[in-house]
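As written, the chain order gives the labels A, B, C and D, with residue 1 at the start of each chain.
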């Protein structure tokens, strides 16, 4: 993990309210599912950095020994939702921005990723597609991406996945693209197809809960990437705590709570007290 | 360290006069710092977490997360929320407990050439004493900072920090329990900060640090609930700096103890403001979240200022003209 | 207006239930406002200065600059300085005096269809009484707001606002001197705001407004002098909002008087936060400097929220879930 | 006076650290020497608007009855000195910005401006040239502009005045352009040339004091444009007070102090307590 001042390479709207931003970061090593803390402006308001998942690695090279990609920079994909992301969306190429990361554990990259034994089913809600691009690229046909979204914005979110070998299925609330309904319905179908599989989820809390429940009820392990307001991103402010179950016990960790930034953001669903989220 | 040892900060040997490189060293009532910049409790973990980002040995000192007799799990989340130029936190004093600190953290911290200040708290005077005693024998701890902004469970949960008598009781007991320099950290949530300062001076504190956070609330207007699960959190960050600078100046004028300034320091000029107002040293808090290198940048910036003004750190303290 | 008249805000006639356009009207202990949005004293001049920018009749009420028995010149400059998300001011209560207000300003204000609240202050209880009596007879004044954050010259300059007994003395005396609704404006600079609130309730105040500014200091590090000539100024603006919301909630829980929320309101959602915390009405302060149309925009935004949530302003008050 | 949301037409660096910004404002009437309060960003930090003199009027038309120019917008010229102006300098054409004004009394426009009886000597320190462009344009050969600056940046500050009929003289601290020394030396020379004249000053406080002293000692009236930190710009916060002399007494004004925003920014030198500034 490092704290750098990065140069913005590009920052462009890919669909109404969705931007991708490229940030220079020579030699960075990224595990799929990791995130960064980004300073959106040099103003004191908003004060805190904002967490964003790493979407792509620029000029990526898979480093097997490290289980991650090494590259010359990163690309983030973000939706404009509030004060911080509004300001971020106004920044232009050439500007510099404080960048901290890559942070967190990321999704487990199955050892069998190259031998098709276990299928990884990735379930994304909206911009929750972000942590799955690197994985989908890596796993190819051994993986499936199920994306739930409100409406047509989903097309912008899945566009980059189309050229990959990863299977993509879509559901929208209004039925405008893909199946009408919930992404968990797609999940049930996908699990029902059989074969050993593991489920990875990223998106709104309600969706993650449903993903964990569906997976458990069908006897499949699931991992979820959680979101919490964050101040530090490095496990020291203790602000991003969520209640862990006994399965979350790890040596040397503070008792009872786990930190989304330093213990996560990816947790095995059984490690989290869902009722306290 | 005797009570009457409490002269204002003096940078001992180096203080012969200003030479080309002004002296950054300060001696805060026996706590000798290579420069006046420390980190604030609860914002710097146990110090080691920051080793990847800055050179810990370049800091004057590191104040670790508040320690209690037993490990504490802390509050349910959400625990933090951003506010205009600040943030609220209600961490609930989560910590590994004094024993784990001494066994697991301290041995590693000893290897880093910096001063370690242990911040302590409790729910009763006995709690504070217990923690202070354990730390007294622990090699590598250079001072104890008493966080009195804690609920006094025996007195219906009212904070030690808003009642001069209760605060004095804690300080007196800790003063007896340890040979280390004792810093008392004041709560800003009082009508008269000078009165609190005099009470803890009287009770034998060697140093006063201030301010701790100011209680605040943010409401989610869609859910009509406080954003922070516990309702109220402590406000920190640049928003509170003018209040903190004023209080540091009031305390500096009220007592003869050295003062450590805390509250919204984001950069060197903010730190210098506190020193001019009367602080012998400062602590960088929330800024370390915004930029993990903040504290080291503050050191550099103070050095630049001292060079430009041909002044020692010691001279800067209390140099306010009216 | 009798003391026991002090029920929580009720929007009298209009309160039959929520219809398509939710009622914005509030009745704050007899002070009937068409909506809960007022302007804060000292930030809106004598009201008329804002006529070019907004429709004064669309505001719930206008609180004018603090009035004293005689005109006051105020403090030497600099009187203001910007701070992170806020500002300090030490205007020194410059004002035209109560007589000039009644003769020159009030006749023009009467022509504007809004409620006029006269903010008053003094250096002694007699001062407050004198101003209150003069305003009592003045047509076009709908309530009196007592600013108790003023130095009590007879008691060595200690503020009326930090001592419950002194505050109660002022309130009791003003209560007797006028038939208008009496609002007491609390200073946040106290250990226990609920205690202050109970003291002024006991003394016969009809309404409590809070918070006034928080004392702060900014230092020019090149000159090593306070930026503000008087050294200390009052902090206002969004920086203090979390503190203000917390205090409004504490006061709401402590007394049965209606509460007016003040402190860092920049837009409608900020105002709604205060109402959820317990405020029957709000005052927009520093925001009017940042945007002279701010208060009217707050009115519009609250209306939108109430429509969206199918709620009356009255219902919003104190709707915080824990 | 009005409070509007204005569109930024352009915002460009004219010399290192100096920018000119064009703001749309249909129908605006400007008296020479007036200023505006401009919101530099929509962040809460910096919170307060910043005061800037009106440099030019876009598509100006002299309206004799009103003693001012009417146009389709305004141009400001500002130097980047701190948090607010740094942010302002990053804004781009098409952005919008809160704008309040035109504020203040402006410099008196001599009635004889069209008959050459009285010469107006304008003395500017650095970017203090701003309030004089409209005047110099109006008065032409009946006026002289004396500019003092640190060094070569003065060239960017006087460039726009060159095509006007107004006489321009320069002094710089380092002597790199024009006379080496103080602008008040130029002022003494100019007054010494004789004929009825009046002196207008805008610039740093020290310079204004010297301008007032020199003028008084040579028996010439002088007017100065003062600067103070401002919160409201409309006379209500009472933050921009300066101590006035008895000459400043005006009916209905608060006692003793004058407000730079609403009573000024231009004051007759004799109205101001210089010792208290």
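Note that in this section contacts are C-beta pairs under 8 Å (C-beta built on N, C-alpha and C of every residue); 3 or more make two chains touch, one makes a residue touch a chain.
None of these values were measured; they are calculated from a predicted model.
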Chains in contact with chain A and with chain C: which ones? B, D
Comparing C-D against B-D, which pair counts more contacting C-beta pairs? C-D
Compute the distance, rounded to whole Å, between the mean C-alpha positions of chain C and chain D. 37
Between chain B and chain D, what's the gap in Å when you average each chain's C-alpha atoms? 47
Distance-wise, how many Å sit between the C-alpha centres of chain A and chain D, to the nearest whole number? 54
Give the residues of chain B that touch two or more other chains, as numbers and ranges in rising order. 84-86, 237-238
Numbers and ranges of chain D residues touching at least 2 other chains: 44-45
Specify the contact topology among the chains shown, as one of line, ring, star, complete or other. complete
Residue numbers on chain C that touch chain B, as the complex places them: 83-86, 88, 162, 189-192, 214-219, 221, 223-226, 231-233, 235, 237-243, 245-246, 249, 264, 269, 272-273, 276-277, 305, 319-322
In the complex with chain A, residue positions of chain B that touch it: 42-45, 49-50, 52-53, 65, 71-82, 84-87, 89, 91, 94-96, 104, 237-238, 266, 286, 288-293
Across the complex, what residues on chain D touch chain C? 1-3, 39, 44-49, 98, 100, 228-232, 234-243, 252, 254-257, 276
Spell out the residues on chain C that touch chain A in their complex, using ranges where they run on. 84-85
In their complex, what parts of chain D are in touch with chain A? 41, 43-45, 87
